[in-house]
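Just so it is clear, A, B, C and D label the chains in written order, and each chain counts residues from 1 on its own.
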Amino acid sequence: MEIFGAWLAVGLTLFMFSFLYKDNPFYKVGENLYVGITIGYFVIQLWYKTWIDKVWDVLKGEAHDRFLVLIPVVIGILLLTRFVPKISWMSRWAFAFVIGYGSGLAIPATLTTSVVIQAQATAKPLITMPDKSEAAAKATEGAKANAEKVAAAPAPAGETTEAKAKREEGVRVARYKYLNARSQSEYSFLTAYKDFTTIVIFVGVFSVLFYFFFSIEHKGPVRVFSRIGILFLMIYFGASYGNTVMGRLSLLYGRILDLKDYSRPMYGCATPVILVLMIAFLAFLHVKNKGKEEEHAA
Amino acid sequence: MEPFFKKLLAMDRRWIFLALGLAVIFPTFIHLNLPGLKPSPNVTAVYDLIEGMPEGSKVLVSFDFDPASKPELAPQGVAVLRHLFRKKHKVVAMGLWVTGVTMAKDIVTRSAKESNAKYGEDYVYLGWKPGNFAVIENMAGDIHGCFPKDNDGNETASLPLMKGIHKLAEFDLVVSLAAGSPGIDTWIAYGSDKYHFKMTGGTTAVNVGSMAQYVQAGQMVGLIGAMRGAAEYELLIDKRADAAAGMDAISLGHYLIVIFVLLGNIAYFVTRPRKGGA
Amino acid sequence: MIRAVAIVLLATTAAAAQAPADFKVYDKPGDAGGAIIAEWKGLPDEGKPMAEGGVEYVVSLGLSKDGPWTEIERFPGTLHRKNEAPDLFGFSKSNDSEHFIELEGLVPPPGGPWLGTGRSLPTWVKLEVKSPAGAAVAGPLMAEAAPDWWSWNKSNVLLFILFFGGATFWLISKARRDPNIFVRRIPGLDAMEEAIGRATEMGRPILYLNGLNGMDSISTIASVSILGQVSKRVAAYDSQIMVPCYDAVVLSVCQEVMREGYTAAGRPDKYREQDAWFITQEQFSYVASVDGLMIREKPAACLYMGYYYAESLLLAETGGSTGAIQIAGTDSITQLPFFIACCDYTLIGEELYAASAYLSREPLQLGSLRSQDAGKIFIIATLLIGALTAAAGFPFVKHLMATF
Amino acid sequence: MGHLKRTVPLWIAFIFGVGLIIQYFVPHPISQKALGMTQKWLVIVVFVALLLGLGSLLQSHLRKIKAQSAGWGYSVVTLSVLALTVAAGFHPNNDKPGGPLLWAYTNAYSPMSSTMFSLLGFFIASAAFRAFRARSLEATLLLCTAVIVMLGQVPLGAYIPGVSNLSAWILGVPLTAAKRALTFGVALGSIATALRIIFGIERSYLGGSE
């Protein structure tokens, strides 16, 4: 069974990959088989996890409000009235339930996660006012002394490369902590950089929001802002495209690795055998179709 | 040059597919060992932990992932097992995800065979039992009761290695390679927090962020993150394998895309109709 | 809702130590029950280490005024300050020097639910102060945990809903009086008409996808109403449309909407129920099937409206390779880059929600479109005021936007 | 009849919509229980709706098979695999190791879905080649950020001075800004649409008035 499973897995993998070449019988078989399996799997999942767990077992149980689960069943049955054209309008009640439910759920949830929290994160002072308190100055002093102490510590004799890397990391961390503390107690380069970041984010958010204005004509200052907004959007699109490549290539590499695994003799060299057979068949089809085309042409 | 560039612009996209396919397959056969990889502190911590244990320590490795996360987690498993077998530790393997049973068995048997580890004496594969966290709780009380038979149907009590292990707390270390829950979080909550064994593990790129908190809180030692972490581990045990090859393949893929984009732009500028030109 | 005994009973058992002032015990407001809160004012020297005159607080619970007592927590004077819980106490400056402790889900040693969910038994709380100078006791005081009917700390969200709902209503009624509303051009939507026309000329169908979310998702609802407008035009041009669906409920709504579109265009006879069908409810097999469909049927236009996941690129790149005009509209922010790369036009985020109003040209819909702009103005203003006031040292706008 | 067809659904949407908004502000266990229960309802409705989906699926495939139209054999594949999978699902050992459903999951479902997913690796390359052209200022910006971020991702990128810092800055700052604004826009749009539905202005889902 295990070897047969390996052959099936390899075959289906290669069937799906064959789509890269062009639409062909292998892909069509794979595609239809895939759809069949997923629906079957979905039916089973819903049967056990929804019907048995959430309806049947509840009805069989003792809970005094157990019959309430019949309400969604009835709503579901309303949907099925679509099979009977005369009363198919009843399905709208079910639509209304699903759509109304989704709308009501979305409003407060979207507001909190996407508006209020995000707004809170954006509304920062654009220019940091240094904390002139004694405590802040003291914290900076302390961090500075610590950074100097860590940096001055001599390397122990016979230090391994790893230990050295760790020690150097410690020096960097201490220095960063000092710079960070200083950026809060006085206006340093780091403070300026942080403010710059805040301002860029601020301008970005504003200009992109301007781009989305629908009922204001985009001319004059609105046009300028919305143009800047487009530039920000482009940076976003480019950056997140580039950032996704890694993940997608890892997946591809994973598939290749699997195919390589299944090439081993313990699986009957599944990958090379199936690959050769498929290529041979596709080549045969190609030649046959070419012959047909030439016949047509003649 | 112009005709070449015109052809390039109108190129069938299947040539790109072919080039990319080759770029990703090539490093799996011939290791390029591209430079630039450096072991991160979290991965080094896992390595140091295993390296520092006395020979013959008892280690439980739990494969808590399914084939979807195989590219990231299987190389971690192989690298860790290689290290464990090399240090002559005793390995008990299992899994909390039913969908990963066969895959985990394959990983364990292959690594063992390569290191000449003997089944029953140097390592055991227990397989999977239903119950998520309950499995861990049962194992805490009585491993033989929880797994009366191993994955191949042998009596657990008859295996020499298992004769010396009855309770979870008797392990010196538990390694969970997890793609989510149940996984590292479950092992910590129901295992190491209560029974105080050492805990380490590895996870996928998307989970690194949420698992790193356990390292910071000291609930586990080190963490191997995604394929990159596995490649770093391979570097540490000085045995570059699938993950290192993977990093090379992925890097090559990136370069190839960048080169194609640059070529496309050169071609675009060379071939575009010039304004006011002759 | 404070149904607490707020009388301060200061027991002075050990004369040397000072008992904290204003010790109060009450039901936790705005919760599902099962929790009570004790609070008190901090002592002057509590921040110092124990040896230098600092203090340690010990909180104990009992089921009667005379005990027996179970110690719940023991902590130094630097911990459990009220400023750790703005959801309960707001952002007042005095919170820095006041303490609180939330007592929840605790079971006393003999067993039995003490502060379980919902309503629970009357619980007595005793606070002891220990310092080098001696000990003092505040309380015991009694409170009952009870569930509440309103979360006042979420009021900011409610205010925004009321503002936004009010603005929508006002703008709609304005639109009813004056239906001439300016809406800027959205090129992707103007191109839709052209794409449908081109499909008719070429005698090839239009492929319309609703995304991979169910009917309870707002993006799907937006997508279905765009489908209504599209099918009206398809019927008018006598073109053909294919709507392979990912979800059975979405399928039924699509059929209803398409029939209405054809009817509104005066061509109810042209409507065919099988133009929309169900494929499967699994991401990649759905894509495998739709990709195959694209290659085989070679649609003249592919419209992707709704919410998409990783499959966006699989769809759009395959559609692009067949030479179809492609228009996408999605609020799935992570997938936008791929549609931008592969499609001729892309409705970005919010534009998806504007599309149905834009295409329908109904004054009421356009009026509500303006409420989206009102929302943006509101956000811009809040951010500006927030940034300015924060710079001036008043973080109250930031506090207004705290979520609990 | 008109009422039943048009007014009742609008009221249903209104009641559930407003009810759920209010529920958000009510911490009482009764409200929590109502939310939990109605969420289960939604799942159950989806279960019953599956019959609708299966009906549509059978119709479209049987139509093909009956007419023996091009590729009808593939419809036979779909339907028979569907039947086999369901049968495997009712096998008593279905999802234990060695059970038929788990076997099908590991050896057919899982390799196929990861293969489809991995096709993205190819498509992300070909789409980049076609789309990333410096046609305008905007397109150039898109192209440059994509290339910088890609180089910043790989270990060798660390050898090109500035690339990894710049890439990290792009991902941390302008990306955050654009994403945040997009999030605001999407949120406002979806709230506006949801309000339109609750107040019955958006009623296209109800279809015709007949």
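In the analysis below, a residue touches a chain if its C-beta (ideal position, glycine included) is under 8 Å from a C-beta of that chain, and two chains touch if they have at least 3 such contacts.
This one's a predicted model, so the numbers in the text were calculated from it and none came from an experiment.
Visitor: Which chains does chain A share as contact partners with chain C?
Guide: Touching chain A as well as chain C, we find D.
Visitor: Which chain has the mean of its C-alpha atoms lying nearest to the mean of all protein C-alpha atoms shown?
Guide: Ranked by how close its C-alpha centre lies to the overall one, first comes A.
Visitor: Report the inter-chain centroid distance for chain A and chain B in whole angstrom, where each centroid is the mean of the CA atoms.
Guide: Centre-to-centre distance between chain A and chain B: 20 Å.
Visitor: Mind checking the centre-to-centre distance between chain B and chain C? Centres are C-alpha means, answer in whole Å.
Guide: Using C-alpha averages as centres, the distance is 35 Å.
Visitor: Hey, how far is the Cα centre of chain B from the one of chain D, in Å?
Guide: The separation of the two C-alpha centroids amounts to 28 Å.
Visitor: On chain C, where are the residues touching two or more other chains?
Guide: 157, 161, 214, 216, 218, 221, 248-249, 252-253, 256, 279-282, 284-285, 288, 336, 338, 340-341, 348-350, 354, 369, 372, 376, 379
Visitor: Enumerate the residues of chain A that touch no fewer than two other chains.
Guide: In chain A, 5, 16, 19-20, 28, 30-31, 34-35, 37-39, 41-42, 79, 82, 92, 94-95, 98-99, 101-103, 105-108, 111, 115, 119, 122, 202, 205-206, 209, 212, 233, 236-238, 240-241, 244-246, 249, 251-255, 258 touch at least two other chains.
Visitor: Which chain D residues reach two or more other chains?
Guide: 21, 24-25, 42, 45-46, 49-52, 54, 57, 105-106, 110-114, 116-117, 119-122, 124, 126, 128, 130, 132, 142-143, 146-147, 150, 153, 179, 182-186, 188, 190-191, 193-195, 197, 205-207
Visitor: Output every touching chain pair, sorted by label.
Guide: So the chains that touch one another pair up as A-B, A-C, A-D, B-D, C-D.
Visitor: How about chain D: which of its residues touch chain B in the complex?
Guide: Residues 95-97, 102, 105-106, 110-111, 113-114, 121-122, 124-126, 128-130, 132-135, 143, 146-147, 150-151, 153-159 of chain D touch chain B in their complex.
Visitor: State the interface residues of chain C toward chain A in the complex, per the touch definition above.
Guide: Per the stated touch rule, the residues are 156-157, 160-161, 181-184, 186, 214-218, 221, 248-249, 252-253, 255-256, 279-282, 284-286, 288-289, 291-292, 295-296, 334, 336-338, 340-341, 348-351, 354, 369-370, 372-373, 376, 379-380, 382-383, 386-387, 390-391, 393, 397-398, 401-403.
Visitor: Contact residues on chain B for chain A in the complex?
Guide: 14, 17, 20, 24-25, 28, 39, 41, 44, 67, 70-72, 74, 102, 106, 205, 226-227, 242, 246, 249-250, 253-254, 257
Visitor: Inside the complex, what are the residues of chain A that reach chain D?
Guide: Answer in residue numbers: 1, 5-6, 8-10, 12-13, 16-17, 19-20, 28-44, 46-48, 50-51, 54-55, 68-69, 71-73, 75-77, 79-80, 82-83, 89, 92-111, 114-115, 118-119, 121-122, 197, 200-209, 212, 229-246, 248-249, 251-255, 258.
Visitor: Enumerate the contact residues on chain A facing chain B in the complex.
Guide: Residues of chain A touching chain B: 2, 5, 20-21, 162, 166, 169, 245-247, 249-258, 260-261.
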